[in-house]
Structure formats: structure tokens, C-alpha cells
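Think of it as A, B, C and D in the order they're written, each chain with its own count starting at 1.
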Amino acid sequence: MTTVAVKPATMAQALRRALRDAMAEDPAVHVFGEDVGTLGGVFRITDGLAAEFGDDRCADTPLAEAGILGAAVGMAMYGLRPVVEMQFDAFAYPSFEQLVSHVSKMRNRTRGAMPLPITIRIPYGGGIGGVEHHSDSSEAYYMATPGLHVVTPATVDDAYGLLRAAIASDDPVVFMEPKRLYWAKADWSPDAPAAVEPIGRAVVRRRGSSATLITYGPCVPVCLEAAEAARAEGWDLEVVDLRSLVPFDDETVAASVRRTGRAVVVHESTGFGGPGGEIAARVTERCFHHLEAPVLRVAGYDIPYAPPMLERHHLPGVDRVLDAVARLQWEAES
Amino acid sequence: MQNSRTPVQEPPGAPGRSAETPPSVRALGADPAPLLPDAEPFRVLGTDAAAGADSALLLRLYGELVSGRRFNAQATALTKQGRLAVYPSSTGQEACEVAAALVLREQDWLFPSYRDSLAAVARGLDPVEVLTLLRGDWHTGYDPHLHRVAPLSTPLATQLPHAVGLAHAARLKGDDVVALALVGDGGTSEGDFHEALNFAAVWQAPVVFLVQNNGFAISVPLAKQSAAPSLAHKAVGYGMPGRLVDGNDAVAVHTVLAEAIERARSGGGPTLVEALTYRIDAHTNADDATRYRDAAEVEAWRAHDPIRLIEDELTGRGALDEDGIREAARTADEMAARLRERMNADPVLDPMDLFAHVYAEQTSQLREQAAALRAELEAADGQDTGEGR
Amino acid sequence: MTTVAVKPATMAQALRRALRDAMAEDPAVHVFGEDVGTLGGVFRITDGLAAEFGDDRCADTPLAEAGILGAAVGMAMYGLRPVVEMQFDAFAYPSFEQLVSHVSKMRNRTRGAMPLPITIRIPYGGGIGGVEHHSDSSEAYYMATPGLHVVTPATVDDAYGLLRAAIASDDPVVFMEPKRLYWAKADWSPDAPAAVEPIGRAVVRRRGSSATLITYGPCVPVCLEAAEAARAEGWDLEVVDLRSLVPFDDETVAASVRRTGRAVVVHESTGFGGPGGEIAARVTERCFHHLEAPVLRVAGYDIPYAPPMLERHHLPGVDRVLDAVARLQWEAES
Amino acid sequence: MQNSRTPVQEPPGAPGRSAETPPSVRALGADPAPLLPDAEPFRVLGTDAAAGADSALLLRLYGELVSGRRFNAQATALTKQGRLAVYPSSTGQEACEVAAALVLREQDWLFPSYRDSLAAVARGLDPVEVLTLLRGDWHTGYDPHLHRVAPLSTPLATQLPHAVGLAHAARLKGDDVVALALVGDGGTSEGDFHEALNFAAVWQAPVVFLVQNNGFAISVPLAKQSAAPSLAHKAVGYGMPGRLVDGNDAVAVHTVLAEAIERARSGGGPTLVEALTYRIDAHTNADDATRYRDAAEVEAWRAHDPIRLIEDELTGRGALDEDGIREAARTADEMAARLRERMNADPVLDPMDLFAHVYAEQTSQLREQAAALRAELEAADGQDTGEGR
């Protein structure tokens, strides 16, 4: 076993490596979707997999997302572990019926006789200058669908770890990849990467005592940056990276909020009907008497995703997070 | 970029080149002619070809048809007694149901739609387990692996890509397995039908699609569903053969499906079979078919009855007599009596099952919810006992 | 104008009458979908419309929901006001891409040049003994999609009024019809029925002072019954029927909760990721210092909808509502 | 229920009846033969038929083709300068784009896909407004009613049911309007393609579908997309005629589309046209086509260039000389220069537009959010001025 030193890697590289390792370890793992073969995917996450494992293990499909997911259901019925790629968030919508009416329900329908270990990779979110339909944050739809796991990495480590765990899961996992973090780099040791076990644990990315920022995916770096900036205002913010929206780690989140007494949920998805409502509501149910202020939300506006030239006005940034923190009724404190 | 200087800005090249045949980027598929269905549906019974049919197969089909019709009648009767939530009967379509079940080998898979309880039963599943969905105690009552029958699929045409995926997976594994998927005429209009057939053809998956064209999707007649010469003509658009068959002729359906299955297993790819049949009953027990069709049409189809067709052939060749007919009816009656008896017993239900199979491992929130329901049930139990109800 | 006395009518009848009146008033109104013509729809809501207005105005379509909604988009582009019927909740999913990627976005996409006045009627919810896929509460998906209105009646009056308002709206409206209330009867005067204007106003169905039950659609009668039962416990409950999930009537809801100081959100949809999270979160944001207890939620379990024989265990009933009310920390009161 | 007593329990009726032809519940559509495409794509240029083509039309097509290619080159260049977010070029496909635009009458509607900027421009829209989507300042830059061009549609095939709906609505109103919808070879695999074509045929809607088969869906070649003899063969499965045409022969495309439009407007229903063409550029500026195709294939297609084809015909018949060629190039260059100039000006953006058109009337929550953004912008403005940035 050759030891390779820790070196900078992108999230894209870690994801690719997770797919590769999963395929190498388990011949039941099959990757398919639009352009994932020869091209290696439009984000190159599957680059080289067809060359290494053959066209059958990493296959280009016809251009039809319901067909892709529907075929994955059949393949999983026969014992394979399909990993499908939806090219962009909005292009997963044609497969919605297969997802909601079959993928999420098959295990339950058959009293466990027919589990569907399918991983559905969906690059999501904005911030990359994509034109319409290329920047949706669609996680609220999946969260509202019992039977699915919904996970999303925010770090290079987690990209590898969560994707391995997702593929290893005997349940369907909607694996949401924050597009704008694909090329974010971090030190990473590709020789001893580990799966995140079990799926469903949040992680405290930064310890703090004044208030908790609850976030996930593309907004984790935003919150960490906000937490640094907040020091100047005298706030010591804790940042919780949910990693998994389903299952939801009530324990970690509630423990943090009980400690800090204040919380802001930060995500890029639209606010109304978005994940933040659920998160704020459950935190409030669990921590009501510890709360000095209502749990606030910083989210994308309740609008169709903005065109590229206006997206910076739409996306929650450091300032908006700090504004929300400022509205956490600090008067009571002094 | 290769087009930063475009050809048009340069002087045109040697004339004559442009008149060449353009290069082909498309592997033009096979000759379309053999993919097209015949104008007339394939028939065996009542034709000269009937003589060639094997008596043993005919008798087997006959017995299952008779039992099948009895099954439909019994299940429909059970809805009236409140024992089933709903029943979509396949009376009139038994030839398709039975042939689909009998033509499959043990290792093959059946993908039924919501109307195909009978096919699942004829394939060997416990009828009570098949009826679980329609009784309403659970969504699927049988283990699909047991007889390789996928759950009855309610969202129309959604089972077709499943069949393709399963067949493809089996082929990748090198297993000799064929999938047979059933769908209605209405279901052919769904996008999933299109995507499934296309995947099947591109992958050359060992799958056979059987469209039971019974003339209606609930109240909507075929003419409002499709303007195609026939539904089987859709096959050519995917590059697979389309076959048209008399769906009330069990031997013909069996023959066409057997050929298609043989083609699939020997690497010849998928086939689309359209079987012309008719739904004698209403859409379900809840439907009132008189709102949208004439009794005369129903009567005309009764005259082309799938059981009568095969019975005539069997009696004609002396392989079936009055005794045999009575025997088949008796067997069917016994089956129905057993079914009635078993269905008249209340199913044993455990509300806690609601939380048991949502995930491989229960999430903490489901554990909380399960605990809450358990507490509710215990409280109610206590109350019930206390109040002597 | 003949005067007909008030007499009992079902919600189904009121809906049918709303369609009829809208069609009679405006030739641009076209009704279509599966089985809506000759049969009059599986719930008979369109009964008689084809006979009265002809096959072109009330048309059976091929069996394809994306095609139905996609065709509606094109018809609306040409100036018609399509009213489409999805046969059951789960059978609207095939049209999800058309809904999210076009119906909800076309006005915004074209800076208002191409509004889509489409009404999408979706019978939803359980309680009618339907087998799998016939009892979904899918409103959370639509709430999370900016550009759509989402309304749902709970009374015979509102069934007429809201449907007329939906059809008259220049925006797309997802009109969710609570199946189990189709045959609920109430006194109704079909001669002077009125549209509910504007869409987006909640209504207080019952005045009370102890706590507010926030609900809509099929759970309104449940909450009213619970409020009656609660009198025995000494609670005087207020019941707010939202009627419209989008737009959301913050004003009416917050005013009620500020007055009562306690609230329970009640709906049939799954709890996690369901509408209740958003509702609880926004009420809490607006009423935090008036709240004696966290806003609680009574909802369907986080499971695929129960089979008919078990659905009564799944559906929120009076007892669960009262249990939640009991958990509203009344100790503080005394 | 009519089946509570099933026929099989009664003694079988008079033999022989069952051998009758089953009643038909299906209006068997038209004879399939005329619906099938010819084996060879229809061509005019470089064939004897070319002589019959009208010089005025040829010259018009030629001018638009030359300008069109220049437009593609200019737009691609603008992506390199960061002036467009992305550009999916139709270089090589100009014959389809231009013929589609020119064949329509004023009252007709065009439904372009995301690759069809050129068709929208050739139809008369302001190129800057057409490029709005790809520049990224808004989603659609033009009023669709202005020249009856629907927004460029990014979700593949989703525009097809819109075209059907619009055409159907126009016909119901008694208006003489035809809709022409464009889609790629990849897009034919989507369920929406299937549903749209089926609705069109059942409704006999005046709509024409033009598939630009350019051999690839991003990197996926046609052979992995479909196993059909041709994509035009899909037509028969809906009961509409399928036509195959050389997509680089602008006259042939124009002719076939004109015929289809005439059929549509005279009540003959929809047509599916497959045009064989090639995408000379990469999928978009962001794509690297060398990863999935050979330079030789591109070169082979360059030799069958749509501009060269028509130029040869025009020069051959003496309707175009060196001066005319230079003139066309000059016109194209002027168009490009104007476009470049206008695109080099920053668009005027108002972030408040984000809230302006979500609903007919702003909801209270959008008013709140708009107010918050306005406050942010004003604060930033103040800061900017203060800091003299």
C-alpha cells in the first residue's frame, strides 16, 4: 500500500473517487445517466469510469430522466445498486413520478421484501452563472417525500464519505451535490478516505456560544465566513452543517441551540415552503424555552431562480446572515 | 473554437463537392418492413392453424381461463360485500392474463398493471396475497421474488421501465431471464411507455411488452387515445418488432408471446405485442360503464368469448366433453369457495407496520411517531376493555 | 331571475356549478383531462359540461398528464383559460416538470408578457378508502414552487367561490380538492354564489380565545369538531381555515395567534417537510413574544400514505388535535 | 354487475359462433404505408429537382444562411469575451434554422429549443433580445407575441406540448395558424415528445414537428439514443406522416416544411419531419467535443455544407456571382458588427425585477422581500458613493 501525502483536492475529485472506489469494491454498483460515459459527465464527476469499468458499468443512456430512474428501479429489483446522475437539478423533474410513486415507496410497499438501494446524484443550486433551469435548489421536494434519504456534502471529505455511505445504503438516497462547491479545494488524503456512517448525523463545523447557524451544502462556507466576520461584532457563532436533511439530526441541532439560545437557518432554496420552515419549526418545538428570539431564516427569495447577472442579489450571502443574527433580539442579553 | 473563422467568409471551394451524399452519422436501423405488424391480428383458434395446437396446452389454458373468469367474478362479488376496497376486473381479457402467466418460464419476471391480478394468480401466487392491495390491508401482499412477479402497478405505464431495467440487469449478469410487462391501451399514451420502449430497444433488453387493448381507458375510447393504424405500429419507432394478435384467442397470444420471449432470450431484443380484447365488466366495481358504451358492443364481444373459443376447439377435436367442462367449472368453483372463505376472514392488521418498512432502519422521528401511536392504541385498548366494547 | 331557496348541496355540486358558470361566462374557459367528458370525471365534477358546452369545451384527453398540462400551457399562451383535472393527487406527478419548469415560471420568464391563467384541479388527501397512490397530500410540493397559487376549499361555499376565483385569476392556480369532503353537504344558495376575492385570505371559522388551530381543507371539519370537544376541557379554541396556502395570509393568522398566545397547525400531509413547518415557522417569527408555548403540529405520519384499512390510524383526528392542545403548556396559565 | 353469473358456468352456446371475426372497437387508422418516411432523405440541391427551385427563394435562403453562420460565430466569440454566459451554436445546422423561420407565415408560431436562437433571429426578432437568456440578464428577452416565437425552451421536448396546445387552441378559435416546433434528436427520447405527438395526432392539431437530428445529444451519439430505422419512423406510431429530409439542404427542408404546414392548415393534421444534419461546433462553448467524436467526421460534414450547397446552385444558374457572395458576406459582417457593439454595452439591470413578475400582483411576502433588497441596495449605494468606488 503506497502512502500518499495529504494534498489539495476538489469536491469533484472526491466524488469521482467515491464512485470509483464503490465500483471497484462492489460489482453490483452501476453508474448511468446522460453523458456519464465517454464524456465523463458535464461536470466530469464520472470521468474515466467507463474506461476503467467498461460501458456496462458506466453507461450513457438515452435522454429521458423518468426512463433512467425507472430503469434503475428495475435494476435494483434484480439486486444491482444503481447510481444515476441527473444532469442538473431541474432536469430531475421528469423523473418525479418514478421517485415519489416508486423509489420512495417500494420497500414499504413490499414490507421490506424489495428494497431499492438507488443513489440519485443531483447537482443543485446556483452561483455558477447558469441560465434558467440550471440552478434550482429542489431539496424541499425530496424532504417532503417519506422513504427517501436526502444528503448533501459541504466539504471534500464529506463528498467522499457521504457518497460512499449513500451507495452503501440499502435505501434510496437523493444525493445533492452543491454545484458551486465542485471546484472548492481542501486538503484531502485520497488514500484513507472514509464513508460517513451512519447517514443522518449533523456536524458542528465551528463551535460558538452566541447563536447557532444551521445550514447545509452550498451555504456552509457562507456561514463559516459569516461566523468569522461576526467576531468583529462580538458574536461567537456556532455553525452546524446538517449533511443529511433526511434523516434529520434533531439531537445535534437541538443541543447546539439549547446551548446558544438563538438560531438562524441558512439555505439557498426559496424560503417559503423550503427546508428552513421544517428546521425552524422542529428546533422551536424542541428548544422553545431556551430560545431568546424566534429562529430566523435566511434563504433565497420566493421567486424563480434569478438569471445569472442577478443571482448575486438572490443568493444568501454573509451580510444577510449577519443581518439576521443582528435581529436575534440581543437587547434582552444586556 | 473551430468556428471562429467560418467557411462562408472564405471563397467557396471547388464546386461539385457539395452535391455529394452527406455522410451518415446514424446507423440506420434494420429494415423497417419486418418491424411492422400485419394488418390483421394473428389468430389460431377458429382457423386452420388450430389443428396444430397441442391439446395439453389447450387444456391447461382452458382450465386457467375458466378459473380465471370465476376469480374475477368472485373478486367482484367480494367488493359488494365490502371485502375488497375496489376490484378492476379482467373478465373478457382472461386469454391475455392467462397466456401471459403460462408462457413464462420459472426464472422469468412478470410486471403486471393494476388490472392484472389474474395474471399474478395464474403465475402461482396466493390469490389472497394478490388481493391484498385491493382489499386494502397493505399495498402489496406478496413477496415479488417468490414467483418473480413485481407489485401490481397502479400509476399507469410506470412499471414498464422497471421491467426494462430488470431485464437489462439480468442480461448484464449473464442470466437467462426475460421480463414480460403488461400495460393497457390508455397506458401507451404515457411518457413512461415511450421511454421504456426506447431504453429497451437501445439496450436490446430481453423484455416483452404486452398491450392489452381493451378499447377503453376507463371511459375514453381508443379513438380518443390514439390515431395510430394500430398500437403495435408504435414498435417501429423504437426499432423493435410490433405484433398484433387476437387478445381473446389464448393460443394465439401464447404463441406470439412465446416467440417474442424466445427472441428476447436469444439476444434479439424486445418486442411490442398488441392484443385486441375487450373489458366486459365496468372499469371497476365503482364505475358505471353504461355512461360511455353501448350494451350492443359488449354483446358483440361476448360472442367472441375467450373461453368459448378454446372450448369449441377442444370439444371439436374431442379433447373435452361435457364432463370435462363440468370438471373445469367445479375446480373453478372450489377455488372461488376457498377464496371467499379466506377473504371473509378479517385480515390481521398491525398498525405499527405503518412505521416498520419505510426505511431499512427506523429514523428517530419515526420511532417517536411509532411510540405515540402505540401509546394511543394501548390507551384505546384499555378504554375498550374498560368499557366492555 | 328566478329565486331558489337555500338548500343542501355537496361540495362536488358546488365545484361543478363553478365550472359551469365560469364556462358560461367566458368562452375562453376550457376544461379537459382524463374522463372529464362523457363520464363527467371519476368524481363527476365535470358531469354535464360536455353535453352543455360541447366536446371542444370539455374534452377527454389521451392518458398523459404531462401532455395535458403542457397542452394547457400552449392553450393559455393563445389566450384560453384552461382548467385541467388531474384524476388523483399521485397522478399529477407525471406533470411535475411542466408545472415547475413552465407553468410556475412563464410569467416571470417573459416579464409578464405571457401569463398563464391555468387552473389545475387536483383531488387530494385520504379518508376515502383509496388504494395506494389515491390519497396523497401533495400540497407541500406546490407550496415550495414560487409562481403558483395553491388554494383549497373546506366548505361548499368556498368550493364555489375559490374555484371561480382560481379560474378568474391571471396566474396559475393549483386547486386542491379535498376528496373526502366532496360529498359533505351544507346549505347553499346556488343562485347567488360568489367568488372569493381576492385569493389569499384566510378565514376564522370559529372564534375562540384559548388557542388557535391553523388548518385547511380536509382538516377544517376535524378542527371544528375538536374545538367543540375542547369546550369540555375548558378550552375555547379558535379555528383558522387558511383557504389559500399561497399566497399566505400572515395577517389573519398572526392576529389570531397574538390574541390566543398558542397555536397548533393541523394537516393531513406528512409532518416532516409538510406545510406545517412553514406555517409554524412564520407564525413563530411573527408572534414569538406572544407565544406561551411552541407552535405544535398535528399531521400525517412521515410515511407513505397508509393502506385503506389502516388509514384511520394515520389521519389526524379529534383526539390527536386535543392531545396537542393539551401539550400547549397550560401550567403557565394558572 | 353483469358478470356475477359468468358465461362459462352456462353450457356453451352454438358452436361455430366463436370463430367469427371479433368486433372491432378500434377505428383502425389510415393505411400505414403513406405515413412511413422514404428510405432516403428528400433532397433538392444537387439533384435534378434543383432546377425547379425559385431563384428569389434561393437567394433569400442564401442570405439568411450566410448571416446565420456569422451570427453563430459572433455569439460564440462573445462567450469568450464573457459577454454571454453560454452559447449553443447551430453552425452546420443553419439550413434547418433558416428554413424553419422563413417557411412560416406571419400568423404562425415558432417553438424553438435552446439551440434555436438563429431561427428566432431569422424570424425577425431582435438578436440582442434573443440572446438575453444566454447573456444572462433575464430568462427571455423578447415578447413572444411580437413575432409569435415562444421562449427558447431549455428543458428538452417540453416545448412540444405547448406547440400542440397553441395550435389546438387556434384551431378551436377558427384561426388559420400553424405551430412549428423544433426539437433535437436527443429530445425525441423524452416522454414529452411522445405525449405531444400523440395529442397532436388525436386532436389533428395544426402543428409540425421538426427534429434536427445532428447526430449527438451532447456526447451521446444517435446509436445510443435510438434503435429506430429513422426518427421519422416514429410518426407512424401516432398516425401522422413522417418525413425524412436532408437537413443541410435548405430548399429541401423548406419544401418539406411548407408541405407539412399546408397539410396542417388545411385540416390534415400534424407531421413529423426529421432533418439529417450535423452540429459542427461543440455542444456549447463549455463543451469539449474532441472527447467524443472524430475530427474526420466533422470534416466529412463540412464537405456537405448547407451554405456551399445553395451557393453552388445559385452560382451554377448564374443567379449569384462573386459580387453577390461578397455582398452577402458584407451584410453578415455588418449584422455581426452591430450585434458585437450592442452586446458590448452592459445591459441595464434592475434587481427589483426579480420580484416584479412572479405573480400578476405581488404577494405581501414578495413585497417584504423586495423592500429588504431595496434597502440593501440603497445601503450599498450609499457606501459605494461614500467610498468613491
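We adopt the following convention: a residue touches a chain if its C-beta (ideal position, glycine included) is under 8 Å from a C-beta of that chain, and two chains touch if they have at least 3 such contacts.
The model shown is predicted, which means the values in this text are computed figures rather than measured ones.
Where touching is counted per the definition, the chains common to chain B and chain C are A, D.
Relative to the C-alpha centre of chain C, the farthest chain centre belongs to D. Work out the mean CA point of chain B and of chain D, and you get 37 Å between them.
Annotation: 38 Å between the Cα-based centres of chain C and chain D. For this pair, chain A with chain C, the centres built from the Cα atoms lie 31 Å apart. Each of the following residues of chain A touches two or more other chains: 61-62, 64, 66-67, 90, 93-94, 97, 101, 105, 108-109, 132-133, 146-147, 246, 248, 272, 302-304. Annotation for chain D: residues 138-139, 155, 189-192, 194-195, 198, 202, 224-226, 353, 358, 363, 365 touch two or more other chains. By the touch rule above, chain B contacts chain D in their complex via residues 1-9, 11-13, 15-20, 22-23, 25-32, 35-36, 41, 45-47, 65-66, 69-70, 72-73, 76-77, 80, 89, 91, 189-195, 198, 201-202, 204, 213-216, 221-230, 233-240, 246, 248, 269, 276, 278, 280-282, 285, 297-298, 300-305, 307-309, 311-312, 315-316, 325, 328-329, 332. Residues 30, 56, 61-62, 64, 66-67, 69-80, 82, 94, 97-98, 101-102, 105-115, 146-147, 149, 169-171, 198, 200, 246-248, 250-251 of chain A touch chain B in their complex. Chain contact summary for the complex, chain B toward chain A: residues 138-140, 143-145, 150-151, 155, 158, 160-170, 172-173, 179, 191-192, 194-196, 198-199, 202, 353, 356-361, 363-365.
Interface residues of chain C, counted against chain A in their complex, comprise 66, 90, 93-94, 96-97, 100-101, 104-105, 108-109, 132-133, 140-141, 143-147, 246, 248, 269-270, 272-282, 284-285, 288, 291, 293-297, 302-304.
Residue ranges on chain C touching chain B, taken from their complex, read 34-35, 37-40, 42, 60-64, 66-67, 90-91, 93-94, 129-134, 272, 301-304, 306-310, 313-314, 319-320.
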